[in-house]
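Dumping the structure here so I can ask a few things about it.
Chain naming follows the written order as A, B, C and D, and within any one chain the residues start at number 1.
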Amino acid sequence: MSRLNIELPGLTLRNPIMPASGCFGFGREYSKFYDLSVLGAIMIKATTLEPRFGNPTPRVAETTAGMLNAIGLQNPGLEKVLGEELPWLSQYDVPIIANVAGSLEEDYVEVARRISKAPNVHALELNISCPNVKTGGIAFGTIPEVAKQLTRKVKEVSEVPVYVKLSPNVTNIVEMAKAVEAGGADGLTMINTLVGMRLDLKTGNPILANRTGGLSGPAIKPVAIRMIYEVSQAVSIPIIGMGGIESAADVIEYFYAGASAVAVGTANFVDPFVCPTIIKELPDLLEKLGFEHINECTGRSWKKDGQLAYHRA
Amino acid sequence: MIRKELCKIISQQEIAADIYELTVQGELVDQISAPGQFVHIRVSNGWDPLLRRPISISSFDKKQLSMTMIYRKEGKGTSILAESGPGELIDILGPLGNGFPVNEVSSGETALLVGGGIGVPPLYELSNQLVAKGVKVIHVLGFQTEAAVFYEKEFLNNGETYVTTVDGSYARQGFVTDVMKDLQFDCIYTCGPTPMLKAIEQSYSNKKVFLSLEERMGCGIGACFACVCKSADDPTGVSYKKVCSDGPVFRAGEVLI
Amino acid sequence: MSRLNIELPGLTLRNPIMPASGCFGFGREYSKFYDLSVLGAIMIKATTLEPRFGNPTPRVAETTAGMLNAIGLQNPGLEKVLGEELPWLSQYDVPIIANVAGSLEEDYVEVARRISKAPNVHALELNISCPNVKTGGIAFGTIPEVAKQLTRKVKEVSEVPVYVKLSPNVTNIVEMAKAVEAGGADGLTMINTLVGMRLDLKTGNPILANRTGGLSGPAIKPVAIRMIYEVSQAVSIPIIGMGGIESAADVIEYFYAGASAVAVGTANFVDPFVCPTIIKELPDLLEKLGFEHINECTGRSWKKDGQLAYHRA
Amino acid sequence: MIRKELCKIISQQEIAADIYELTVQGELVDQISAPGQFVHIRVSNGWDPLLRRPISISSFDKKQLSMTMIYRKEGKGTSILAESGPGELIDILGPLGNGFPVNEVSSGETALLVGGGIGVPPLYELSNQLVAKGVKVIHVLGFQTEAAVFYEKEFLNNGETYVTTVDGSYARQGFVTDVMKDLQFDCIYTCGPTPMLKAIEQSYSNKKVFLSLEERMGCGIGACFACVCKSADDPTGVSYKKVCSDGPVFRAGEVLI
C-alpha cells in the first residue's frame, strides 16, 4: 500500500511531490535525468497569452542559502504551450498544473479558459504573485478584493479546479487567502518568492538587470512554514506548499504546518534528481516517524490528535 | 548525456596568481563531445553557497576518464573549491552545452584562438584537437598582468602564441585585438570578457567567428531561463538562445552580445 | 584621516558599525571580549516600563543561514536600565541608542521621556516592529497612521532624536517609512525580523514555545537590501541598516542600497568579535574599492554619480 | 576568561553508536575552572548551519592544554562535526558557564553521579576530580540501549558503577531512578534529560542535589536571553537565571525545570 497517494481537487496524485513552476521549464530538460511519470504532478512554467522574452540578463543572483530571480515570465505563449509543450508532456502519466499569468484580467481569463481544456491539464495555478513583472501582477497579489475578483473570473471559465498562488510580500496573508477562497479558489499554492535585492560590490549596481528579484531557496522556508501554518487554520481549501524544500524532512515539516502536497523549486537547480530522491526517501521517513500515510501529517502542528486532515474527510 | 556524478579529485594546484588547475576523474568524461563544453560544480554539501558554479573543461582524456578545469579563485564558491585536495569527491553536473565546432576548419587551414583571462582554458582542448587534425593554430592570449599568465608553454607546444598583458608587465602591452590585426587566418575561436568578444565580432564580420559566452546561471541545463540572450535577427522580439544549452559557443551574429 | 566617521541626527559616530538591539544585551558580556569604545554606537536591548520575563523557552530555533527568536522583550525594566545598565555603560566612550518598546502608547511615551534624559543615550530607536509580543506591537508596526501617531507622541517628549525601527512584514514598506517621517522621525532603522516558524520533525510541534518567531541572519539580507533601496529613495531621513550583516563587504552593500550606518545582530552569536573585525577591515576594503570615505557609498545603487549622500549635504 | 580559538583536533573516534569522542588542543583549556563547563563549537565556516553547538567538556588536561568532548551525532551540526579529523582546526568558544561545585562534598563522603545518555560526559571529569580529593563516588549511568553505552570502564576505574538500559539490552533494565533507590550517599550530581532531572529533584528534596540543565542557545555567553529559566522562588515573576552563564549547573530548587 502506498503511503504517499493524495487526492486533491482535480488531482489524483501518486505522491505529493511536484516541481514548482518556473523551476522545471516544461519538463524536457529533466526528462533526460529521470522518467517524469514518477512525479506526483508537474507545475509548468507560467504561460501568458502572448510569448514573452522576459527581463534582460543577469536574471539570477545568489544569496546566502537562497537565490534571486527576475526571469520576467519568459515563455513561448499560450499557442505554443497548447500546441507543443502540453502534447509533448502527455507522453508521461503525470497530471499537469498549468501556471497562468498575465498583465490584465482579460489575459488571465483567456489563458485559463483555453489552457484548462488541454487533456493533461488537471488544475490551474493562478500566478497573482510574480514579483518580477511591472504591470498588473502586484495589485492582483496584494489587494484582497482584486485577487478575489480575478479568482472568480477565472473560475467562471476554467474547466479544471483553480489553485491560487499567494505572494508572501503582504502584511496579512490570511486575509489574502480568505479573499481568494471567497472568490471560489479550489486550493492555494504558497509561497511565491519574497522580493529581494543584491548589489555588486565592485560597481555598486544591482546584480540583477531588473534590480529587484524574487528570493527562493532554503532561506525562505521558515517564512513559508509560518504562512502555511496561519492560512491552513483559516481556510478550508487545501494548500500546496513550497519554499526551500530540499529533503523528505522538509516535506514532512510542510505537511505538519498544514500543506497537503508540496512543490520543489530552487533545489532542482542544485540537484536535478531532488524530486525522485525525496519521493524515494519519504516512505522510510514516514515509517520511522510512525505514520501509515503522509496525509496523517497535514496540520499536525495545530490540530488536536484524532482530528482529521483535510483530505481524509 | 548529462550526468551528475561525484568525481574524484586527482590533483589541484595554483598555476598562477589565484588561478587553479583542477583535475578530476569520472564517468561523465566519456560523455564529452566537444572542446568548449562546461561543467556545473557544487562546491558545498550544504546550502551556502547554494548554486553550482559553471566552469569550462580545459582538457580531457577519455582513456583515463579524467578532465581538467582551470578557474580563478574569486568569490565564495571558487574560494571553497580551491581548498579541496586530491582524493576528495566533488559533485559535478556535466558535460553541459555545445562546444566549439572543430569541423569548421580543415586540415591545412589556419585557426586563430583568442582568449582573455579566464576565457583561455577552453581553448586549450580546442587547440589540441585542431592540431591533431592538421589545422595550423595561432594563439593570442590576453591577461591582466604577469602574475595572471598561465599555460603559455602548453599553447606554445601547439603553435605560434602571442601573449599580451594589460599593464605591460609581461610580453606585449595591450589588448588581444592589437595583436590580431597583423595575423592571417581562416577562422576565429574566442572566449573571454564580453567587451573583447564584442570588439572581435565587430572587427571580423567578414570571417568565420565562434564566440563562447558567459552568463549568470541557475540550472545550467536549459530549464530556468536565467541565461538567455536575444537572437540577433530578432533584436526586439521574443526569439532567444540559452547560453547553457544552446551555447556557450555561438557563431558570430547568431545572438546579441 | 578616518574613512569611517559619520554624523547622524544625535549621533557622532567614529564608525558606522553598531551591535543591533537584543543581540548584545547591555554590553556587559561582550565587554569581556573587547573594549566597547571601538564601536560606533550600541543599540541596547529593548526597554519596557516594567520588567518583563518574556516568552517561555525554547526561544530560539535554527534555520538555514538564519535563526528564529521569540525572546519576547525580556528586560529588567526602565528603572533598572536607568539605574544600573546605562550608568555601567557610561564608562565607555560610545553613544547609546536606546531601544524603546511597550504594549500601549503611554508605555512607549513614558519610557521615551525618561530614557532620553540619560546622559549617554544619544538617540532612541522606537521598536514598533517586534513580532514576538502579542499585544500592541503589531498595529504600531503595520498601520501607517498608527505608526505616525506614535512617532509624533514620542517625538514630543524625547530629548534626543528618534529613529523608528521598521518591520519588514508589510506589503508596502515605503508607505510605513513615509508615515513615520511625517510623524517627525529623525531616522529609520531597518529591518526588524521576518515572522517565521520551524516545526519539530519528531513531535510535529513548533520548536519555539511561542510558535512563531523572528527570522534574522544572512537569510534575510536580500530582503533588507531591497527595502532600504526602496525607502532611501522615498524619504529624506537617514537609515541605519541591518539584517544578516557579517562582513565588511555586507556593510558596503548596505551603504550602496541607501544606509548611512549599519547594525550587526545575529552574527555576534557566531563570532563575538564580528563588530571589531568589520571595523578593522572596512578601511582596507574602501581603499580597494576606491572610496576615500564610507559616506561616498550611501545610495550608490540609485544615485547618479556626483550626487551627494545624505550626510554630506 | 572566555576565549574564541581555533583549536587543533588531536583525535576523534566513534566510541558507541553515533557517539563521538573528540579531543582538541588549545589555550582555552587553561581557562577551565570546573567540571561541567561547556564550549560552543562552530561546525562550519559558512552560514549553514549558522549557530554554534553547545557541548560539555568531559575531561581536560591543563598540562597538555587538551580537552575531550563526547557528543551524539544527531542533526546537521553534529553530523558535520563528526566528519572532521585530526589536524583540522575547529572554532571553539569557551569555557562557558559554571560547572559542578566539587567542594560541596568532603573527603570521606559519598557522591552519587547520575547521568542519562548524552548527559553522562560532563560527569567524567567531575568523577575524576572527586576521586582525586578523596570523595567516594558511585555512578549510575542510564542509556537507551546496549549500542549507546560508553565510558563504563572509565567510570568503573573511579568507583562503583551501575548501568541501566531502557530496553534492557545491556546491564539492568529500567531507569537510573530505579537503581538510585537502594544507594546511600551525601550529595547528588546529575546531568541528563529533563524528565530524569525532574524526577531526581522531586525524590531527593532532602538531599544536596546539583543538576546540569540543557536549553537551546543563541550566544552561549549571556547576551541574547535565549536560555533563561525562572527562579524557583518567583515562579510567576520576572526573576530568571541564564543556563549558559548562570548555569548550566544549578542547585536543586534554584530554578524551575
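In this section, a contact is a pair of C-beta atoms (placed from the backbone, for glycine too) under 8 Å apart; a residue touches a chain by one contact, two chains touch by 3 or more.
Computed from a predicted model, the values in this text were never measured in an experiment.
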item: Maximum centroid distance from chain C, chain identifier (CA atoms); value: B
item: Intercentroid distance (Cα basis), chain C paired with chain A, Å; value: 34
item: Gap in Å, rounded to a whole number, between the CA centres of chain D and chain A; value: 45
item: Gap in Å, rounded to a whole number, between the CA centres of chain D and chain B; value: 55
item: For chain A, residues that touch 2 or more chains besides their own; value: 63-66, 218
item: Sites on chain B at which at least two other chains make contact; value: 47-49
item: Chain-level touch network, classified as line, ring, star, complete or other; value: complete
item: In the complex, chain B residues that touch chain C; value: 47-48
item: Residues of chain C touching chain D in the complex; value: 22-25, 28-30, 32-33, 45, 51-54, 57-67, 69, 71, 74, 76-77, 207, 217-218, 246, 266, 268-273
item: Complex contact set, residues of chain B against chain A; value: 1-2, 4, 42, 47-52, 93, 215-230, 237-238, 240, 245
item: List of chain A residues in touch with chain C within their complex; value: 63-66, 68, 142, 169-171, 194-199, 201-202, 204-206, 211-212, 215, 218-223, 225-226, 229, 244, 249, 252-253, 256-257, 289, 297, 300-301
item: List of chain D residues in touch with chain B within their complex; value: 44, 46-49, 76, 80
